[in-house]
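A, B and C label the chains in the order they appear, each numbered from 1.
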Amino acid sequence: MDRLLFLLATGLARGAIFALFALSLVLIWRAARIVNFAQGAMAVVAVYVAFAVTGLTGSYWAGFASAIVAGAAIGFAVERGVMRFAPHDSPLSGVIIAIGLVMVLQSALGILFGATVRPMEVPFDERPIVIAGVPVLSPYDLFVLVVAVAVMAALGVLFTRTSLGLQLRASAFAPEVSRLLGVRVSRMLTIGWMLSAAVAALAALLLVPTELGLSPHSTDVLFVYAFTVAVVGGLDSPPGALLGGLVVGVLMSLVTGYLGATVAPIAVLVLLVVVLLVRPGGIFSARQVRQA
Amino acid sequence: MPSPATPPETEPRLDLSGLTVAFGGLTAIDGVDFHVGAGETVALIGPNGAGKTTVFNAVCGLVRPQAGSIRIDGRPAPASPTKLLGRGVARTLQALGLVGGMTVLEHLLVPLTAARRGAIGAGAGAGADIDARTGTADPVAIALAELEAHDLAAFASTPVGALPYPDRKRVALARALVTRPSLLLLDEPAGGLGADDIARLDATVRRVAGEGCSVLLVEHHVDFVMGLADRIVVLDFGRVIATGTPAEVQADPRVEEAYLGVKAAS
Amino acid sequence: MSPRILPGLTGTPRLLVTAAALTVLAIGGTFLLDPYRNYQLALVAAYFCATAGLTLLIGLSGQLSLGHAALMAAGGYGYALTANALTESGIDGVPRFLVSLVVAVVAAGLLGLLLGLAGARLSGPYLAGVTLALVIALPAITSVFSGVFRGDQGVQIAYDGVPEALRLIIAVEQWQAWVAILVTAIVVTGLAVIRRGRLGLRMRAVHGDETSARLNGVPAGRVKVAAFTASAVSAGAGGAILCFVTQSVSPGAYTLAFSLLLVVAVVVGGLGSIGGAAVGAVVVVLLPWLIGTAIGAFDLPTELEQRLSGNLGVLVFGALLIVVTAVWPGGLAGALRRRRRRENRMLRADQMPPAEPRDSRPAEPAIPASPASHPISTEPER
């Protein structure tokens, strides 16, 4: 029972990270109608930047800030420098180009930093606080939850209550009409990519210290988790990403807790296949997806 | 109201009853009632946004109606679009639905090879596997014969993307006709065509109707439709506001009001 | 058009004759190569099985698989486990090879069917995501079920030497190349037949306009699942060949990086082109070897050399993927096709009288004498 509580609590903290990353995928899907398979690779570049900055300055927070900035910069560079050149007639070419980007980014990191896994330090204790003899969340987990909730709330406010958010939504939903109404649609697209990449970078930065460490492939599994979250919650739905994140986070925590960490990738594969077979529109989606 | 041309004991080819389709809060069509009898040519007209294409999409199983029924030859319409061919229904799309890299011949082979062991079409003139018109079961021969009838035989090996727009429309029409349907749904067949091509279209539709095929067409080109249709159904804001012969509909003040926004005289 | 060999032979019979001729040529070619090259040829053949299926999947049905290496692994493990079981029962030689090959192909096909049902029926990147999840889960699968799959060290099989009759004539590498070529020829020819038949037509129709295809009687979901399953079967055959040639199968040989390499191979060769897939397979085997040699040529500090040798190839391939997709989406096959069409147009312009002013339509050759042979736009070369 104690163990269950602990696993549930950890699952919540992990799930918040998955939800955040999935949210970044939903942002791109809504803005550009593609799933950005390069999201993980872009995020890990930002984490390497944070790692380097922290190494130089000795401050975690400097690294934290630089990850977000780096993420936004990468989002800008990728959208303006690469995605813009994708042939528009097929969404497939956008995905293929993203794959090429993954290969380029990960191999470049490998050449510059090597494949050794580098542990990352955080200013919070990663050991769980014990309440009445029961280990619950660690201070780091609490930090993660706070950051994740704050970011999601900020995004919610941005999209529903600000003019920028309205323009972003309008450009994604009806680009031609928005253009006629004076919205700079292509600029909104770029901003969408920057926002999405920054959020993904933040999520990766939160996750990597809890895993073995930083390597060019650290975010591969995170992407698969986030993709699963997006499928479970529905690719189109931010609240779905939140709920899906919690579901996947808790499930994964339970699986790794009772069956061991090695089982995790298998569990997420099984979850993905089962959800797609049974309820392809997403567990929380009201839409009935047409079966061809 | 049943058309006097339809004998009372035959089921209408297509019968829509109380059909309602809504998307979220927007009701696209509301309580639509009409039918198309065997061998009849019916035109569905109305201002933009009246719901004409939604009616087609509902008949084809591409959208699910909230209320009402659709019957084809007396039986409920199939829920899946892939079953339409087997029921003798063929449809053209407003956007044509052609694939630029595929040749003209290949486009016709798609529906022909879909009904491999069954009848090539439940419609007029179709036999088991042997097509009555060409006397063969070879899909390629049947396709070429159909292309011949549309003056497209020379382009059989041409990728559709290389053809000008009027020729592409003819390919789409030929593809719909090659399976000898008994109900033909044409979505804006005259759109974007010049006078010569419209005359050719008119002749083709008359020929096919003459062979017993029922035709339902959605059109904006009112002159074309007035000359061709046996009956007209007028849709406005998702409701049927008038039906009757072309002459009756032309004289109906409600139709004029719907199109021009002019208040009815009485 | 350039003069054709045996113009009277058309359609599927022509395809089979072409395949047989190319196979004989390839087998003959093994006599001209040294043992290492023959080994590389066997590898190319194995990769070709996978790339041929993948190029049809992506090029014709428009679906992306990021986990084709895992499907090859399924074939490899299927082959290895069956071969070992048969060896223990005292069976060896040709029966062992054939039974193991069949199991490999069936295993990969079933896995493909399952994943296809999950990911291929829907429009969207779901198949790509599911296949990605599969290939990332492969090391975990072999490790968790290590009783069967033996974890990271993988499964080894008994050595299958050259049969008695040929032992004095050819070396083992050449024998392995023969087996690889024969299996590949059968698999790829099967794919080519699918491609020019009803399934190939339907795949292209669904990819081009799914709604229109469904209105014309094509069950789009089933077609997409069938396409993926076919590509899984051919990948499984490739994995079985690799296991036969290397006598082992392990998760380290079938990584995400390898899956992505297969995608690069088919994009560079030209999506939808079987000839392009062959070229891509050659590039995937030769280019890393070239890069490795080039790196070795410079006198670099060991650590840098290590980092480069692992990553430079991937960097080059990734960049190649981006550039080819953005600039020449048709790949090599597409470029060749465009050049051929330009040449034909120039040829015909020389031969034809000046066009009549009222005829503004593009002049195209009349339909060929035997319509049943009608070639689909990309001519299969194997």
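Please note the rule applied: a residue touches a chain if its C-beta (ideal position, glycine included) is under 8 Å from a C-beta of that chain, and two chains touch if they have at least 3 such contacts.
Which chain is which protein? Per UniProt: A, C = Branched-chain amino acid ABC transporter permease; B = ATP-binding cassette domain-containing protein.
Since we're looking at a predicted model, the values are computed, not measured.
The fewest steps needed to get from chain A to chain B, moving only between touching chains, is 2.
Counting C-beta pairs in contact, the chain pair with the highest total is A-C.
Each chain gets a centre from the mean of its Cα atoms; for chain A and chain B, those two points are 48 Å apart. Per-chain Cα centroids separate chain B from chain C by 43 Å. Chain A and chain C have CA centres that are 33 Å apart.
Under the contact definition stated at the top, the residues of chain C that touch 2 or more other chains are 214, 219-220. In chain B, there is no position where the chain touches two or more neighbouring chains simultaneously. In chain A, no residue touches at least two other chains. Residues 34-35, 37, 82, 85-87, 90, 92-93, 95-97, 99-108, 110-111, 114-115, 220-221, 223-224, 227-228, 231, 235, 260, 262-266, 268-269, 272-273, 276-277, 280, 289, 291-292 of chain A are the ones that touch chain C when the two sit in their complex. Residues of chain C that touch chain A in their complex: 58, 62, 64, 66, 114-115, 117-119, 121-122, 124-126, 128-130, 132-134, 136-137, 139-141, 143-144, 210, 214, 219-222, 224, 256-257, 260, 263-264, 267, 303, 306-308, 310-315, 317-322, 325-326, 329. The part of chain B that touches chain C in the complex is made up of residues 60, 62, 80-82, 84-86, 90-91, 93, 96-103, 105-106, 109-111, 113-115, 138, 140-141, 144, 153-159, 162-164, 167, 175.
Residues 198, 201-202, 204-205, 207-209, 211-220, 361-362, 364-368, 371-372, 374, 376-377 of chain C touch chain B in their complex.
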